[in-house]
Amino acid sequence: MLRGAVGICGFLLLWECAVQLGAVSAQQLCPPSQVAAAFFTKLADPRPDGATLGAHFIASSSVALGGFLLACLIGLPLGLAMGYYQPVYLLANPIFELLRPIPPIAWIPIVTLLLGIGAQARIFIIFLSAVVPCVINAYTGIRHVPERYIHVGQSLGMSRWRIFTKICIPCALPTLFVGVRLSLNTAWTALVAAEMMASVRGLGYMIQMGRLLIQPDIIITGMLTIGSTGALMSALLSLIEKRLTKWGAER
Amino acid sequence: MSDAKVQVRQLTKGFGELLVLDNLTFDVRPGEFLCVVGPTGCGKTTLLNLLSSWWTPTQGEICIDGRAMDPKTQNLSFVFQESSAFPWLTVEQNVQFGMKEKRFPPELIAQRTREVMGLLDLESVKEKYCHEISASAEQRVVIGRSFALHPDFLLMDEPYAQLDIKFRLHLEDAILALNRSTGSTCLFVTHNIEEAVYLAQRCIVLSNKPTSIKAVRTIDLPYPRDTCSPEFIAIKDEITEMIKWW
Amino acid sequence: MVGDIHVKGLGLSFPQQNGIHEVLRDVDFVIHSKEFLVLFGPGQCGKTVLMEAIAGLLPPTAGSVEDAQGSPLRTQELCMVFQKYALFPWKTCRQNIELPMKFKGVPKQARRKRAADLIHLVGLDGFEHSYPRQLSGGMKQRVAIAAAYAKECPLLLFDEPFGALDAQTRLQMEQELVRIWQQEQKTVVLITNSIDEALLLGDRILVLAGSPSSILEEYDLREFPRPRSLSDRPLLNLRQSILDRGFFENEGGGDLRCE
Amino acid sequence: MNGFSERAAPRRLLRLLPLLSLLAFLSVWHLAALCTDLLATPLDTAKALAGMLFFPTSKVTLLHHVWASLCRVLAAYALAIAAGVLLGVLFGWSRRFHDYCYPIFELLRPIPPIAWIPLIIMWLGIGEPSKIAVCFIGSVVPILVNTYFGVSRLDPTYLKSAKILGAGQRALLTHVILPGALPSILTGMKVALSSGWVCVIAAEMIAARKGLGYLIIRSMESGDMVHILVAMILIGSVNFLFSWLFSKLEGVVCPW
């Protein structure tokens, strides 16, 4: 642990000296001290892009969580059903395979034209990108349930539905959570992209404005906030996962 | 003979033109402990999958108490070689899983759980999950779950093949005790001839592929059997000769 | 040619959160040249650690492993076959067997020829180009044995090589190992937790038990003719006497994992 | 799991379902296009796609854009493989290097590659280098993580066995560590390729003169729906092509 801290301090020190000693022009990169200062000033005053860091943060995370939860609510059951019931798989899979390769950011133009640049549009973009990992991992989770578990269920005379709910879903839970964490990550990335291209609020918009106004400290503050929020959400998610799958430690 | 618990008639299974099981016919008496032994890779697993209604036979039929076998109305249990204990349930929940699915009355479930957990000394690890207990304890959980149902027909596919020799002796006695106390009809499949002779009242010897019944050997030694006694050795050698393929 | 190997006062312990976990304490025995020695004992812990200490993978905390001249045993003079992961799945059988020779810098032609001989010796003709995942458990261990012999070293260590095989294949592989040992005279030390395997294979059996483990008993089986069968009376009596000594009682079922 | 194997569902009907769903999807698309004049019908999109591919109107043909994006991705991808595998092996292999530098990597990793675009544009302008840099960041992370995962998760028995067989440090690396970690390195490379592709499109959408991202943004600004759909289809199919090519490559590179 100690070595890790030493590593990070070294990195920050190196960054500070590089800028102070002029190795890198202050225009392009500002020292960490200035970034810290910008972070605190930005918390309070809305200049230069018309909203405080807090406002951006709330705008971003509310939209991200909205799209993410929607994606889980629709994607997970669909993936589970696709994994277990063949008709559902044959119906849903072709469309899914058709839309899957199109990356989230490619949806931004068409959604912006159709739904404008309001929160709904961004939630829809995030939903589209976050639903893909949910479906894939839910589907894989079910497909990788060991056959002998289902064999046991069948020899106990359990109906297909009970085998699905009492054996397949609990067994697939860990893979499900991998998918959920992946989709949170994708949602967060898609949000930043959407905000950078078509929005008036949010962290993505803030760093985009930072670029236009040549203020590297704003950009870096925005990036660090985005990074730490993403990490925070994932940490929260693994806490929930630990509680739900106490047995999670696979042998 | 009509008093047989399980009747298997002309059981045949082929995949395309590859014939795996060739016309197997045998009976299992109520409460009997029957062993099936055969050379490595002689279709024992195919037989087990058919007997547990996981696969449907190409030809022939399996009846329990005269009626065609049906997992919904009859109690069937299967103990695999690999552990099939559910990792998301604790040891106690695992043992009770079968009974709860068959909607046994609660007090019967409690009584049977105590009985089985006692015999397999799982009391100490009652609240633990599967990854917290040793492989032998986990397999005992599966055996407990199966015997707790007092099944009409219990199939076992070499349940402790992957366990240490020391656990094997301990488990063999536990299984025999459970077979006697619950009176369930057991069919035990194994590669290990000494194990089959130690456990079985009757032993079916299978031939190589396409598998058919080579011989049926009744073993009328008293329990518990001494693996070093001359009669035990004689029977073991006799069966080994029948199977020896190298 | 390294002669007898002396294991003197070998001790080994691992640091743990709550103090030291001592696994071995003053283990003393001699491995005679060209002998088939079996280290027999319960459970997994003590024996594998001892084997790795002899092989030089684990530095002992006390004592030493020396050859006849008193200099410490070097890894070049021995080879080891593990129970699982004995082969590299990304290499074909022939590549696995040629590997030790490649490391020693043996030229390609000589390697190819020696590998062919060894594949024939272990009875795997025709499987040169298949990958380990295409082979059965028994066949994989045959390749591992061939690879060990390819290193051309006087001492071979086997760490429960047939532990993962089914009963019949295990019996077959035990007979194969004895045949190969008799054909290519080398010193062999084998670990097992199966009493039958020890009786069928060993010239001498050393019982390793207790915690910390040490050599509790030595049995000499050289007067039993080979090939041995567990059905003949004298061997059975010996089996019974070893079991009666109750080396395992203090081990107990041990419900928690002993990795 | 073969939960379907023994079901008695009529085979014929099941085979029709995929066709059915595709038809449904196209008809919904068609209907939506008819009622809102914004969306282009599938037919028009197909015609436009064919048109742009085979009889280019503007001097910069569609293939130019695709080619521009592709070059950027592949250049960055090559760099990412070299850096990712090297760092991944270093992290997995030497304890000290891992302890000092891995936390820094962990700190920067949560920042999505797209969030780097503004900073990179400030540093490198909107020319080729900045696109390649963004794409590099997008690709190097998955490769590095998977290589590190592959190396550190390798079963220690392989290393012991190799040492016993007389392998030196260099031989350990080439004969054991790299081949052992290869399957997960390949997974990383597969993810990296599509993630790199996404990054280059994003970078082009923000500031570029050539490339699919630029094309789609220009169509958005001019409200030209057909070209947006065409660009989306192209972006999607290239991504699909990458993953298809990769699964073929995986079969050849590690047959075990």
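Every chain is named by a letter (A, B, C and D) in the order it is written, and numbering of its residues begins at 1.
Keep in mind that, in the parts below, a residue touches a chain if its C-beta (ideal position, glycine included) is under 8 Å from a C-beta of that chain, and two chains touch if they have at least 3 such contacts.
This structure is a prediction, so every number in the text was calculated from the model and none was measured.
S.K.: Which pair, A-B or A-D, has more C-beta contacts?
M.R.: A-D
S.K.: Among all chains, whose Cα centre is located farthest from the one for subunit C?
M.R.: A
S.K.: Counting only Cα atoms for the centres, state how far subunit A is from subunit C in Å.
M.R.: That pair's centroid distance is 51 Å.
S.K.: From the mean C-alpha coordinate of subunit A to that of subunit B, what's the distance rounded to whole Å?
M.R.: 49
S.K.: Quick one: report the Å distance separating subunit A from subunit D, using the average Cα coordinate of each chain.
M.R.: Distance between chain centres, rounded to whole Å: 17 Å.
S.K.: Could you tell me which residues belong to subunit C and also touch two or more other chains?
M.R.: None at all.
S.K.: Show the residues in subunit B shared as contacts by 2 or more other chains, in ascending order.
M.R.: Only 54 qualify.
S.K.: Please list all residues of subunit A that touch 2 or more other chains.
M.R.: Counting only residues that touch two or more other chains, subunit A contributes 146.
S.K.: Which subunit D residues qualify as touching subunit C in the complex?
M.R.: Residues 155, 157-158, 160-168, 171, 175-176, 179-180, 182, 254-256 of subunit D touch subunit C in their complex.
S.K.: Which positions of subunit A touch subunit B when the two form their complex?
M.R.: Residue list for subunit A touching subunit B: 146, 148-149, 151-158, 162, 166-167, 170-171, 173, 245-247, 249-251.
S.K.: For subunit A, which residues count as touching subunit D in their complex?
M.R.: Checking each residue of subunit A against subunit D gives 3-8, 10-11, 28-29, 84, 86-87, 90-95, 98-99, 101-110, 112-114, 142-147, 150, 160, 168, 188-189, 192-193, 196-197, 204, 207-208, 210-211, 214, 216, 219-220, 222-224, 226-228, 230-231, 234.
S.K.: Spell out the residues on subunit B that touch subunit A in their complex, using ranges where they run on.
M.R.: Against subunit A, subunit B makes touches at 52-54, 70-73, 76-78, 80, 82, 84, 86-89, 98, 101-102, 129-131.
S.K.: If we count contacts the way the header does, which residues on subunit B are in touch with subunit C in the complex?
M.R.: 39-40, 121, 124-125, 133-134, 136-137, 158, 161-162, 164-167, 170, 190-195, 228, 233, 236-237, 243, 245-246
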